[in-house]
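Reviewing the structure listed below.
The chains carry the letters A, B, C and D, assigned in the order they are written, with residues numbered from 1 in each.
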């Protein structure tokens, strides 16, 4: 009689959860896999959207919670949060004794997962390696690739890069991005299936959404964190000028978040934004439905590059955060400039057709990854291929 | 009037100090550089040879000491030591505000240096990237390459690998290995210039060294740590059989060190090793002089691959620790097998000629690196080249 | 020629700063003392009022900043924040090498200061030991007394208690409370010297203050943290019923702060509080002037017990937080009950006279403490007196 | 149907285990208690005697292991070890959710247990409060008393002190010391029941024990750690002069242990100690049998004050470590002086009678404590009694 393979997945932020939800479901359903779900960092915290609440509501059992966010929202705090993460996660892995640890994407604190697992000789799987963005995330992402034993990448270009990084080709798999799995399901509904004001509260005016609306989500960029306030102000002015019904989402917990948040708060105190409503967070499915029914997305969220490609939602992508990521024809790139942003939005609002792409997969990434986690040989010993 | 550039170098272990000593000297001598020397981890601890004492004796001023070794000598402790290192080093960097941080080689705890510096947007220089060994060190080494902004590598092959890892060619420099700088100086003396028993004490018999002697240095291998006792026993039996005057050095503080140490202690209690003397540690210069005057080196130390290439000292290299590192003709590779080890030593002892190589540089690495640290543009923003 | 004595003072929260400001000034002015000011924990954080900004504005030089607040606002986070505090402060003390460390009052994280100093054999002075409140603060406070070498207490009863705790009578000094020093200065102005809306912003309506106003400041109580929302709601309803101009201050960062904050936010969203304005924080001097000019203070802040005694400001003290602290006749105690609160406020508003007390000192505590820090023998070795 | 009460006991060192072993047994046997045994700090480490091995051999199941010893053996390391202990133990308590946490005695790292439990609102029981020794242990011990909710003390004087410290008399119990429980059992055998050389190895000569022998156990004293080498040397010279068969035990892991260890090693290298054998550690029962059969105990171990009182073994107690602890007539106190030590030993060796005392209890402490842990009301809220 064979034991189930224990698969520990570490989720450190709300967007990471959305990104791997179908992987979690597929692991849980697999008769020979046991899911050990570990929730850490900002995913546990109220002011970053309490991903943990959604996770529990979705019926996942949590094996361990790791509080490791050191307050400060400066760069030292990011380093220390990672250090505390290693201290805590190594204890968790010691207790849970997973057969494989899965880490997701490229946020700074995911390095804690990668180091703990690899230093403890636990095979490490990395989801979403090989992508290119040109910011600190890229250092983290490729550094994790060099610690990881299995690579589940989201596009053909990503696969090529991971292999060129010296990884064994036999351990690199283009599964597509699991976030597309959800987009596929959601894409059936082209209109809003819920009332966002009623369901999510939020603050600000409540513009009428029935004739279309814009969605804004703009995060600080780690290596430009000192400019985060200036950057958000360009977007605020542009949206004010466009003056269409707009739904705006708060930024995540990177260095610079204070600048972004303060920028938004000050602007709101100074000007009446009578067409803008602010949300702290939203369940993944609702957010995708909201996007799918929207006129366009403005900001620098990776959802614009990824899920919106599959959905065909037009995107005004601002600044350097998504630089060099593979993208579909739905994306227009602009700099941190009020006029460019206004102009790009205007063009989109005057357009009729939408442009779809499967550059990030076809909607079955979760199941592909679960199968691989079951079948791959357990190993933590590797060497560069050249 | 221009300020000096502040260069923080973090030393975490005795061998790392030997490896960068000429870099420290060259930085210190450079009129436009200020050395900020940080001593951490096992380099501070008595039972790993107190590198700190040698460093102070050599006249270097220490800017900060970081105690971060968590006891346990298991894999969890290695992870936690790294986590604590990040907590401590980020504070140190916050205080010292270096312009560039330098990290050395590939020991597990050097990752703490790399993460703290890169997360704090301090340009990171890495010495000795691009090498290949096939053990956990390799995960660490290449992972640090992906966090580092400048690469000072020790051989042409290493340079090629770092570039192939997607690093900007303009930031990769084959300076040669700084350890060769010391070897060059030392190579003038072909006989022992000191009495090792008198100067370093140690335990065991004191065989006559005047007709030649063998040196042994064998460390545990991180991803084989459960076999470290078995591995050291093969070497112990081989040396017992050869029965020549032998000087044996204790292992460093990797996971598995308990196995290696216990193996040596048990063997000594069971058998009389009447031709073997044990040392805990030795100043770098003396150690190189000792090697240069020896018949051969046995074990898995990188000094056999590196300095011994320049010196032409024959080496019996055991097991996987130095796998795929570039090597000169002075090296014979064997597995963890008593008979293979005996046979390789015997062949060497019957040979007459020595074989030298400059594969790891020509003796001016320290100065080359100091010049680059002065001249290179300060930057911490990079992207993969493909 | 004698060296100055180095006095490290660790400030971990905004109220602690107000409490020791005159001590800092007196140390700084003393020709034979050197102040080493260390700012830590919530005193560094924006969302707890950034005490650090006021400290710098007041002209104090900061020797070290220690970020150690682990996010979570649960009890585990309080413990971990203290653990991180010890890790960081021991490094700071190692660098600054103070002759004496001063810790203030009884917040949970002050234990980190006390442990680091006492474990490192640095003489520890404690300000405001010996008081009684009946909550978790009391465990912390008396526990620190047993680690401290010098005790600067604020009242005769406190002095008796510290001595009864087995401390050497020769090391226990009733200096009065340094917060009274500031109150003394401020008491010269019986009317508002600034416009609080203009100077501090804040949110909510801006009631006319010229005919008197109420001040509210109510913190969560650590060992009742699950009820913090219910407790604040009783006060909210009472203030709503009284319906006088009211200035309300946000709570500090204890366990339970989320409950208190959420309680306030929800109430505001549900009801219009047309006579209430909310402030996040205020400079100490302005706050005392505001209190001195007010009709009364409502809540559970220690300022009501302490400074308001000297000033003669009437106080409605709610719940257990200030239980058994010595108090003047200015205080009326009530439970977490809407009606009791309403009734007590009403009685005060109908009264004419004010009642002053010097139970917490006469306004020269800062100078007394600085003199003692200069004169006391340096010692860290003690034994219980019975 | 009632749930069992979960009692978490944290053991951080070998002597602490011996001290509470009968408590563990009694908890385990009690049908309404569940033992959650947590092993931490030096109790896990080989070079401090691996208490964990004895614990497992004795059949106790370990609920969690906590590695928190930071290497350094200086005072900063003691502080940091405590900080890491808090980080780790708070996670453990969060997972195990004990109803009561039990902490033992007064070693510096036990403060981590006390802080984690009390900050997390878990009722805390303290074994062996109220004793007086005059060193850093005393700061720790009384400080823990002020954090603890239940007090299980070992003597009437200790009980009086804890009550005078302001603790509620109803929560202070003189149970006697659990270590006496073991002594009672052991006292039946007045001769050695095992061969210590065969069973425990150790190093040095193997003197004949049949005509009596001396036992030595001397630890460094925390607040005299810089003199630890000088102190041990006085004892070494005294024992050398007495020249009787002697069994010597290595010191524990306090600050200063390096001095003590180095002192012993150097002395052994310089002089032949032909009547002295050295042990690293010994099972508690064997050690008591060894003491009971010995001529006398020399050093500063608390076993001399405590178990030897019950057994009537003569003790030469050196220096300040046991100052002011209650003691029976079996103890002779001397200073760190070769001549005094020699003289005291000589007097004892010429004496005939032995002197017993029940000052530390009658052998039923374990069961008394288990009963109280079952019966006491669960509470973590307290206030000083005066």
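Details
As a convention for this text, a residue touches a chain if its C-beta (ideal position, glycine included) is under 8 Å from a C-beta of that chain, and two chains touch if they have at least 3 such contacts.
Computed from a prediction, not measured in an experiment: that's the story for all the values here.
Counting hops only between chains that touch, chain A reaches chain C in a minimum of 1.
Counting the residue numbers used at the interface between chain B and chain C, over half appear in both copies, so the two copies meet with largely the same residues.
Comparing the centres of all chains, each the average of its CA atoms, the largest separation from chain A belongs to D. Once the centre of each chain is set as its mean CA position, chain B and chain C turn out to be 53 Å apart. In terms of their C-alpha centroids, the spacing between chain C and chain D amounts to 40 Å.
Annotation for chain B: residues 76, 80, 84, 87, 91, 94 touch two or more other chains. Every residue of chain B that touches chain A in the complex is listed here, in rising order: 75-76, 78-80, 82-87, 89-91, 93-94, 108, 111-112, 115-116, 118-121, 132-136, 138-139, 142-147, 160-161, 164-166, 223, 323-324, 380-384, 386.
Against chain D, the residues of chain B that register as touching in their complex are 44-46, 67-74, 76-77, 80, 84, 258. The touching residues of chain C, counted against chain B in their complex, run 64-65, 84, 87-88, 91, 94-95.
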